[in-house]
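Each in structure tokens, the structures are laid out below.
The same subunit A turns up in both complexes below, where it pairs with subunit B and then with subunit C.
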Partner chain A sequence: MVDQTKSRIIEKNRLTELLDKLAQDYHLIAPVRDNNVSFRRVESGSEVTLDYINTVLSPKNAFFPQTETLFRFSRDDSRGFRTEPGAEADREQVIFGIRPCDARSLRLMDMVFNGQYKDSYYLDRREKTTLIGLACFDPAETCFCPTFGIDPASGEDVDILLSDIGDRYLVEASTEKGAALLDRFAEFFAELRGDEEQLREARKAGLAGMKKLDVSAIADKMAPLYEGDYWDSIGMKCLGCGICTYLCPTCHCFDIADVSLDEGGERFRCWDSCMFPEFTLMASGENPRPNRKARVQQRFFHKFKYFHDRNGELACVGCGRCLRYCPVNIDITQIIEDVTSGKAGNE
Partner chain B sequence: MSENIYLPRMATIQSMRPETIDVTTFRVTIDGSDGTGKFEYKSGQFAEVSVLGVGEAPISITSSPTRPEAIEFSIRRVGELTNALHELEPLDKIGIRGPFGNFFPLEEMEGQNLLIIGGGIGLAPLRSVILNVFDNRAKYGKIDIIYGARSPQDLVFTSEYKEWQAVDNTRLHLTVDRGDEEWKGNVGLVPTFLREINPSPENTISITCGPPIMIKFVIEALNELGFSSEHIITTLERRMKCGVGKCGRCNIGSKYVCLDGPVFTLKQLEEMPSD
Partner chain C sequence: MKATSEEVQTSVKKLFEDGSIGHFIGYETGSDSLHVTPCFLKSGQAASRLVWNPLCANNLSKYLLDFKNVEGKVGIMVKGCDSRSVVELLKENQIDRDKVFIVGVPCSGIVDREKLLEVLGISPGEVVAVEDDGDAFLVTIKGGTQRVDKEKVLRGECLVCKYPTPLVYDVLLGEAVSSLPWVGDDYSLIKEQEALSSEEKALHWNREFSQCIRCYACRNICPVCTCTECIFDKKAPRWISKANDVSENLVYHLVRAFHVAGRCIDCGECERACPMNIPLRSLNKKVEKDLLELFDYTAGIDVEQQPPLTTYQLGDLDEFL
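And then the complex of A and B:
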């Protein structure tokens, strides 16, 4: 139901102007058409495109950059070093156009970067970000987010949700942060006309056939597959390119390394992948995951069992990127079906 | 910005004691303190040790918290970071993050006999326990230390053996895979030596650390001797980067070795996948 008090509309022809304003006051990150469609920092509304199903990369880069300085160091007068932390989070940022699946992935990433040890780089950016989501009404063939209880037309994990209902967007704030932003830019928003709910329901018709797999018992069904042969066939197919982990909005693994310059340098982190043999290779030469089978197995066990054991959630949002871009068509939905149907155990 | 979990504290190397041709014990103090400063650790924990410009690696702490004047790390020269560490000199600076991970259950071990079994550089984390229980000698029963290395030249902490052997109700059993003309002690692999010594599992907790292959056969021997899987404790090694359960590489099943380990009982290991 549309909450009348917190909801507004914005006419489509006023959106560019709103984005211009947002870009002045915030670090605005929005989908831009390049060879594909990517989330980028934009300076004006005219750079933004809303003509996409989903971006090739989720906006996880805005919280957990692909490469990020942890701290810089320089030699001091004695034999020591001075260290200074990496750049603090930039000013308040707005991510415009995030899809509900990618928004859910941030909730999963929060579980990793929060906890006993708090990752201030990620958490500061999270704190300083307002998420303006865009409801999905035309999912791709590869989409299966309802599998994980995600409603592609819902604003559950964003601050504000925009729904394209024809000549205008329905604008709903679901958090205090979102409501504050709507107040601040009140001039762009108008009262509801009354037919919004009806228009939205009509658009939801396009979601009816979406793939929804039953994953309620998947963590338990994974356990006995640790010893089986099922992963051999997938490991044989896998090229170890790592694209699945780079595009995955829930993958959070990283490497830490140093760059040394004349009198100092920096320590940085960058995305890493469990698909690479060096990921677990020790200086002694021992490697606990020495082959592709072991690495593929780690990836799917992490998503459907280990993450669940630690955090009570499955580490997948059904965005479909890994199956869309895998060069050898490893299909995560097929794996889910093989595991949950018991087929994987019989191989 | 809240506390930065990736920023190391600077520490000064006070001395470097060569143990073998490729192992050195680094004695360090945290800068701005008389010794270990606020670095409060327990036996079995590890630290992330940095040489700025080269990198960082997880290293087990070999000193005992009962001796707070300095922190010690016994480090084998084996990779890029450990090579760089060996090139340093006393008074050079290194970075320290931690302490991280869990620790040996010294409180639960009180009143028990201890069987400590090490191989090669695997004695490093065990030495923290050894010195700790020596400093609280009355709390523990009989202590047997079984230690082996490839050759007499590969034994670490040799300068301390006399002192260890002089501790009440304590025996140090040494073995080497290959002896030489001067070696008068036992020659043979650690698991074989363990069977010969034939320790009783009665009121005894065993702790072991060494190369994976040694741990495997030591556990087999301990099982044969009648030790229960709750009373066999080991400490594991994995590649780590962050040390705080985020970078995702050191897991065994759903356990992160950096957070939930490195110390595990055999019972816990039996419940984990076998990688």
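And then the complex of A and C:
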């Protein structure tokens, strides 16, 4: 139901102007079309595209950048070292156009970066971010977010949700942060005309028939598959590249390294991938995941068992990026079906 | 006549039955009607899974490296381009010719999925099948069939392909295709890029490489990237930082382009695999063109011919020394 008091509309032709304003006051991160559509920092509304189903890269870069300097170090006048923070504290940022699946992935990443160990780099950005989501009414064939209880038309995990209802967007704030932003830019928003609920319901027709798999028992069903040959053919096929993990909005593994020059250097962290052999290579030369099969298996066990054991949630939001972009067409939905139907153990 | 999936199935089944092969690497239908996926068989019983159609883009030859130590011969399905990377693997002693049984299929071009969907204005789920029909593809869509001109929807490498028929094979299924009517000047794009100033080239490639996420898909899918230990993975010494920035990315791509110089056969797999749509083929095409002009050399044609950059002759040009 549309909450009449918190909801507004914005005419489509005023959106660019709003984005211009947002870009002045915030670091605005929005979908941009270059070789593909990805979330980027933009300076003006005209750079933004809304003609996309979902971006190639998820917006995880805005919280957990592919490469980020943790701190810099240099020699001081005595015999020691001095350190300084890596980056200036980021300004408040707005992510515009995030899809409900990607928004849910942040909730899963929070479990990692705001769990037993608090990751100040991630949390600082998370705190300074307002999420403006865009409801999904035309999902791709590869989408299966309802599998994980995600409603592609819902604003559950964002601060403000925009729903495209033809000539205007329905704008709903679901948090105080969101409501504050709507107040601040009140000039762009108008009162509801009354037919918004009806128009939105009509658009939801496009969501009927979306792939929804039963994953209720998947964690238990994974356990016996640790041994056995189910993963043989998948490992055989896998190229061992990082596409699936780097495009995945929930994959969060990283590496830390130093760059040292004569007078100083920096420590940075960067994305890493369990698909790479060096990910588990030890100094002795031993590699506990010595082949592609072991690495592929790890990826799915992490998503559907280990993460669930630790956090009570599955580490997948059904965005479909891994299956859409896998050069050898490894299909995560097929694996889910094989595991949950019992086919995986009986080959 | 073109080979059909049925012919491939029958032929592979027979090869298993008469003991010619113990394994087979081919294609089967993937997650939807617009995808195929590599398929590995251990017996002829499952041969009915095999398909051959204009969606079979993957160059399967790299998988041969995984079968070096198995007993018996491994059979593999190759198109014209794929056969050229098999030639390169043979040249470099990566595989043993006696352990491989090559099932060649002449190819009249592979569909670029994204182009096809755009030209037809449809979503992937609407496609039922894609078939080859001379200079067009017949695309069966829910509710009808559409004929689409190949030139509009072919993959980039197929638009300039000069070797549609495999150059090395044990059995050839279907009739050889001598040339493809649409193939003209395969270096027109490269010539345009050569005409740019150094600054313009730097601008172009920095922009492209700034989008690279270093997933290494281009390297991992490349049939001639066969090093068991790659310079980019090495931790001590660390030749390239794991940090993603445009200068490190540039080093990665240029080193790779030079390492596959004279070995790249333009199967286009790097560009197809790239999730960020970086036009990687044009780097390799430039090197290919230089090798052709300087050494009259084309990779993947003849097992006896050595790549210019790995041989030395007294009469070599030495203008750069």
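A few remarks follow.
Just so it is clear, the second predicted complex is superposed on the first by the 343 of 347 C-alpha atoms of A that agree within 3 Å, B and C clash if a C-alpha of one lies under 4 Å from a C-alpha of the other, contacts with A are read in each partner's own complex, and residues count from 1 in each chain.
We take it that contacts are C-beta pairs under 8 Å (C-beta built on N, C-alpha and C of every residue); 3 or more make two chains touch, one makes a residue touch a chain.
Because the structure is predicted, anything quoted here is derived from the model rather than measured.
Annotation: superposed three-chain arrangement on subunit A; subunit B versus subunit C shows no clash, the two fitting side by side. Judged by the touch definition given at the top, the superposed model places A:K118 against subunit B, while subunit C stays out of reach.
In the superposition on chain A, A:T333 makes contact with subunit C only, while subunit B stays out of contact range.
Of the two partner chains, neither subunit B nor subunit C is touched by A:R168.
In the superposition on chain A, no contact is made by A:H27 with either subunit B or subunit C. By the touch criterion defined above, A:N36 reaches subunit C but does not reach subunit B.
In the superposition on chain A, A:A140 contacts subunit C only, with no contact to subunit B. Contacts of A:R126 after superposition: neither subunit B nor subunit C is touched. Contact with both subunit B and subunit C is seen for A:A257 once the two complexes are overlaid on the shared chain.
Touching more residues of subunit A than its counterpart among subunit B and subunit C is B.
The superposition of the two structures on chain A yields an angle of 90 degrees at the Cα centre of subunit A, opening toward subunit B and subunit C, reported in steps of 10.
Taken over all C-alpha pairs, subunit B and subunit C come no nearer than 6 Å in the superposed arrangement.
The contact surfaces that subunit B and subunit C form on subunit A in the two complexes overlap at residues 255, 257, 259, 272, 281. Residues of subunit B that touch subunit A in their complex: 1-8, 10, 12, 31, 50, 52-57, 78-82, 91-93, 95, 212, 237-239, 241-242, 244-254, 259, 273-275. Listed in rising order, the residues of subunit C touching subunit A in the complex are 30-32, 35-38, 40, 58, 63, 66, 123-125, 208, 211, 213-217, 219-221, 233, 235, 238, 241-245, 269, 272-273, 275-279.
For subunit A in complex with subunit C, the touching residues are 34-36, 38, 56-57, 66-67, 140-142, 233, 236-237, 239-243, 246-247, 255, 257, 259, 268, 270-273, 276-278, 281, 323, 325, 327-331, 333-334.
Listing the residues of subunit A that touch subunit B in their complex gives 70-71, 73, 79-81, 83, 85, 88-89, 112-113, 115-120, 123-124, 226, 252-260, 264-265, 267, 269, 272, 274, 279-284, 286, 288-289, 294, 298, 301-302, 305-307, 309-310.
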